[in-house]
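Both complexes below contain subunit A, partnered by subunit B and then by subunit C.
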Partner chain A sequence: MSAGRLLALADKEMRHLLRDPRSLGVALLLPVVLLVLYGYAINFDLKQIPLAVYDPDRSRESRDLVESLTRGEHFRLAAVLAGPGEAEAALQRRQVKVALILPEKFAADLAAGRATSVQTLVSGADSLTASISLSYLEAMLQDWWVRRGPAASGGSLEFRRVSPQVRIWYNEDLASVNFIIPGLVVVILMMLAALLTSQTVVREREQGTIEGLVVSPVTGSEVVLGKLLPYVGVALADVALVAAAGALLFHVPMRGDALLLLALTLVYLCAALGAGMLISVHTGSQQVAFMLAFVGTLLPTILLTGFVFPVSSMPKALQMMVQLHPATHFMVIVRAVALKGVGLGVLWPRALALAALAAALLGASIKGFKKTL
Partner chain B sequence: MTAPAIEVSGLTKRFGDFTAVESVSFEVAAGEVFGLLGPNGAGKSTIIRMLCGILLPSGGEGRVGGHSVSREPEAVRARIGYMSQRFSLYLDLTAEENLEFYGGIYGVAPERLRARMEWAVEMTGLRGQLMRLAGELPAGWRQRLALCCALLHEPEVVFLDEPTAGVDPISRRRFWDVIYDLATAGVTSLVTTHYMDEAERCDRLALIYDGRLIALDRPQEMKAAPRAEVVVEVECDDPGRALAALGEAPDVRHARLHGARLHAHVARSEQAPARVREALAGAGVRCSRASIVEPTMEDVFVSLVREAEEQR
Partner chain C sequence: MLIGAPILQLFIFGYAVTLDIKHIQMVVADRDRSCESRELVGSFLRSGYFDLRGRVDSPADLDRPLEAGEALVGLYVPQDFSKRLARGEPAPVQLVIDGTDMNSAGVAGGYAAALIAHYAAAGGPAPPLTHQPRIWYNPGLRSMNYMVPAVICMILGTVMTAVTAMAVVRERETGTLEQLVVTPIRPAELMLAKTLPFAGIGMLDVALVIVLARYWFGVGLAGSLLLLLASSAIFLLTTLGLGLFISTLSRTQQQAMLTAFFVLMPSVILSGFLFPIENMPQVIQWLTYLIPLRYFVEIVRGIFLQGSGVAILWPQLTALIALGGTIFALSAARFQKRLG
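Let's look at the complex of A and B:
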């Protein structure tokens, strides 16, 4: 491998990029736009959930309970019901998502230290909203109960739920934005990096300039690595922009070693750029390469790498397969470093897997770049 | 006697059932301008592409500068320049950037590259145009720029695949001046073309038809070689009708328009012009002249192709 030839290729590729400011602009801004767009859209935190209340007791305690529920940003009092039967109608009309039905002797039972129960009706039409609403409500009722103080507590507060098919499938310990944004960055970088390099070799094939490369003394590794270099630069600029957006707009914390994360990001980018390069080396038209890079990275990265659905809940065979996807490892790395402050001591197997995948993808691209057509 | 710059023996290329090049053999001496003439799809480009190492031969062997194209492709690549029929220029880069890139991937040292670029500018007449994008250059200049890119590293052998397709006559002439200059300096050129006038400029010419080599000689000798038929040139008042009439005449093997005149290939005989006159008179065409002429390159080409077809 000759450094001079490699640099000549990198320099030429850089000039292509700079000569086309519109594409470069899209490459730089698209990730931030996507992050902001989806960062706000994909949000599992609910606010202003409409709540209906039936309070036959009309005591100080019952009013205090309702007041404490609706004081915060999560629930708003959307209907005051005249009878328990109206709850179902309000849910069906979608006027409210949650209905709270207090017993008649709420205050009296509490005062007497007897067990009392609050009935909660949740619309299960949207299972995600239902489960999140319910968990909020549970937490807030408990909070209210605790705040009344041990002195006041003689009885216990329990509540029955009527909520069909509710599954809790999200970890509520974390604000969802902290979980979503780093994952979204992983997805966006995968797609963008693959798209960037997916065009580079196939464009030369389409325009015929590849013949000039083939008859020259350049080797496959010089072509692949030389073309890779400028895109690493572009992708790193994207990382900087996306990281700034994540910190400034979404206040995602950075609890771990930023330099470690940057180093591993570089490895991840090489893997993703390598995936695009592999596509580019093996396709015959820019359009096919674009579609392959787009569809081939976006859906698997969203669905299979633990972005939303945890890998651990997948069938065993699928779990093994997704280990071959660089994003599976980087998803764990980003969340662990940014949110938990975990270091290489724990993450080294993931880092190693990522490096191996990057090497394999780039190696396959080099092998795939044939010097004969 | 130095070793031949290019040796081709039994070179064959098959794409599935289709044989694009069938057992072609020839040798090209150092400093020679060697032409491959043939219609589109005859296999000229396939031969060049095998000799440049772009395509792997299915059989036979090609050697360039003494190195086998299939076994030592890297040794061959360092010694050759290649200019393809499709532009190998990057149209979104400037002329200068294209030159610098090709200099870079051939490992031309920076000082040497400066000197070579100066030479390239001189040759192409691109002075003052170096900062223009290759895509904005007129076809003739682009062609010369592509040639420069192929010559920056001072190759021993240059392969030029239809280098002048779509280029204006003045640019074509300048182009050939460069090829002759190279030959004087000892550089071997292998040129494909389907322009007859260009074919005649070559030192030696190989006629390629249907993947096979059907003739190989100096252009002058090819034209002077005795053949079974003579060419009768006809001047008449209605070339269209005359062409139809000659097409049906039994002694006339082939007739076609040659500018305002007609060229009829007739079996070799003193009476050939008379036969042609008879045929035309029979069709009511008035003919002012019909005489045997020395065949043009195109006549030779047509005769040889027909002979080849008849042999199959």
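Let's look at the complex of A and C:
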């Protein structure tokens, strides 16, 4: 492999890039714009969830329960219902997200040590926030029970006075920005990188200029790597802009080693760009290349790589499959370095996997570039 | 490709997407090792929510597994746990939770609190305060029911726009558009000819997804099939129109692709298909009123999950018709100018 030819090809590709300033501009600015837009738009902080309550007992205990539920930042009392039947209407009107129905003899049951239960109604149409709301409610309910239950039952129940002390690490406020922004960076970079490079080789094939390449002495690896270089540059510029935005606008912490993260970002970029290149080498038209890159990166990267939904909750077979996606590993790396401050000592398996994927994708692209027409 | 992609997506997302947190990895530092502490830890493991990842000797050793991402939760039972219980004194136990993924952390915290409360009252004769959740429209909170209809929206809303744009630009790039212009074909006919095939494929995709959703995933259509198909057709107006519009803005396929990406990415994230619009800042919420995908997601979810009809969905349908008509008219006007 000749460095001279490689650099010449990189230079050629760079000139193509520069001749289309609009595309270059979009490629440079788009990631930052998207990060800012989504960073402000995507918010999983379930705070101030509107709650409707039906309390027929109106005893001290029931009022205390409701008050303890709405006192914190998770729920706010949005409606007081006159009857249990009103709950459905309130939910349908989207006035509230959760309805709480207390039993009629709440205090009396507690005092006598009888079993009692509260009912909650949630609309499953918004299943993502519904299950989290229910978890919060359960936690707060039981918390109330452990603290007040003994007193409310007037000693008729024996209690083991276990008191849980919960500490949240790495993201003490459970702020969704700290979770979402690093994830967004991974997703945006993957998509852009794959899209950009997916066009490179196939464009030459469509336009016929590939003939010139084929009859020249350049090898497959020189073509692939030469075409890759300018895009690495563009992508790195993107990374810088996006990292700055994340830190300055959203105050995402950076507790780990920035240089380590930069090095691993470079490996990730090679993998993402390599994926695009692989598509480019094997498709016949830019349209198909774009579709493959878009469909292959958009929804999978958002839904399957741990961006929002935990990988550990997926079926085992799927869990193993997503390990083949570079973003799955980089997602863990970015969050671990930024939020937990860990280094290579902990992250080396993921880093190794990322490097292996990058090598495999680039290698496959090089092999796939056939010097035929 | 256009047929295969929706099917593939449907399969993967139907199975993968879930916020049901199970098999939470937990490490335990039990300094007491008494009957009581074993019972407490045992109750966690028997619940089916927590899996024991490992035991450590001291609370300081809980750091490493959480740092490495091997465990989400660490439970520390101090040495004097059972003694304190016997004396009737408050017996604290410590839970450390990895807060990186705030959803998982919240859910894990909820489960843990419930388990501890049950343990606390298990010493008594009566069962403790219980909580009965009732969930409407999607009783199992099957994320699948939520996601599968959304795939229809994604396919029609994203891929269709892009391929339409690129198809037209490709002709411009290769020069064959000029050849078409000098034929007797009229601009309107050319436009229709370019978009109708994609409209057809789009409708075919919709039908395919509906069938698969019903017979493979068990996600039935609660509402009217006719309404769904009609809404899809209207939505196609907007996406294909958008594709045409993008094609008039671009000289090369790469430009078309990047422009389409620029327009589609915000639409996808802000459409409410994944992230609730109510949680977004006001300014952005207003912006989403201009996104056709937002209305289509509401319509499709409404028809699939709640069986909503025109009576409930007419605002979204009207918005879609209005937006679609405007976009298509604008694109058509621009298209004619570029050609003639």
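What to note about this one:
Just so we're on the same page, the second predicted complex is superposed on the first by the 245 of 373 C-alpha atoms of A that agree within 3 Å, B and C clash if a C-alpha of one lies under 4 Å from a C-alpha of the other, contacts with A are read in each partner's own complex, and residues count from 1 in each chain.
One rule holds for everything that comes next: a contact is a pair of C-beta atoms (placed from the backbone, for glycine too) under 8 Å apart; a residue touches a chain by one contact, two chains touch by 3 or more.
A quick note: this is a predicted structure, and the numbers were derived from the prediction, not measured.
Legend: residue contacts after superposition of the two complexes on their common chain; A:S313 is shown touching subunit C, with no touch to subunit B. By the touch criterion defined above, A:V215 reaches subunit B but does not reach subunit C.
Judged by the touch definition given at the top, the superposed model places A:S2 against subunit B, while subunit C stays out of reach. Legend: residue contacts after superposition of the two complexes on their common chain; A:D11 is shown touching subunit B, with no touch to subunit C.
Of the two partner chains, neither subunit B nor subunit C is touched by A:V337. Contact with both subunit B and subunit C is seen for A:D20 once the two complexes are overlaid on the shared chain.
In the superposed pair of complexes, A:L195 makes contact with subunit C only, with no contact to subunit B.
Partner contacting the larger number of subunit A residues, of subunit B and subunit C: C. Under the contact criterion defined above, the residues of subunit A that touch both subunit B in one complex and subunit C in the other are 20. Of all residues in subunit A, those touching subunit B in their complex are 2, 4-5, 7-9, 11-12, 15-16, 19-20, 207-209, 211-218, 371-373. Taken in their complex, subunit A has these residues touching subunit C: 20, 22-23, 26-27, 30, 34, 37-38, 40-46, 88, 91, 110, 113-132, 134-143, 145-146, 149, 157-172, 174-176, 178-179, 191-192, 195, 199, 203, 206, 285-288, 290-292, 294-295, 298-300, 302-304, 308-310, 312-315, 318, 322, 332, 335-336, 339-340, 342, 346. Residues 49, 52-56, 73-74, 77-78, 80, 82, 84, 86-93, 97, 100-107, 149 of subunit B touch subunit A in their complex. By the touch rule above, subunit C contacts subunit A in their complex via residues 1-2, 5, 9, 12-13, 15-23, 25, 36, 40, 66-69, 84-85, 88-107, 109-114, 116-143, 145-147, 154, 158-159, 162-163, 166-167, 170, 174, 252-255, 257-259, 261-262, 265-266, 268-270, 274-276, 279-281, 284, 301, 305-306.
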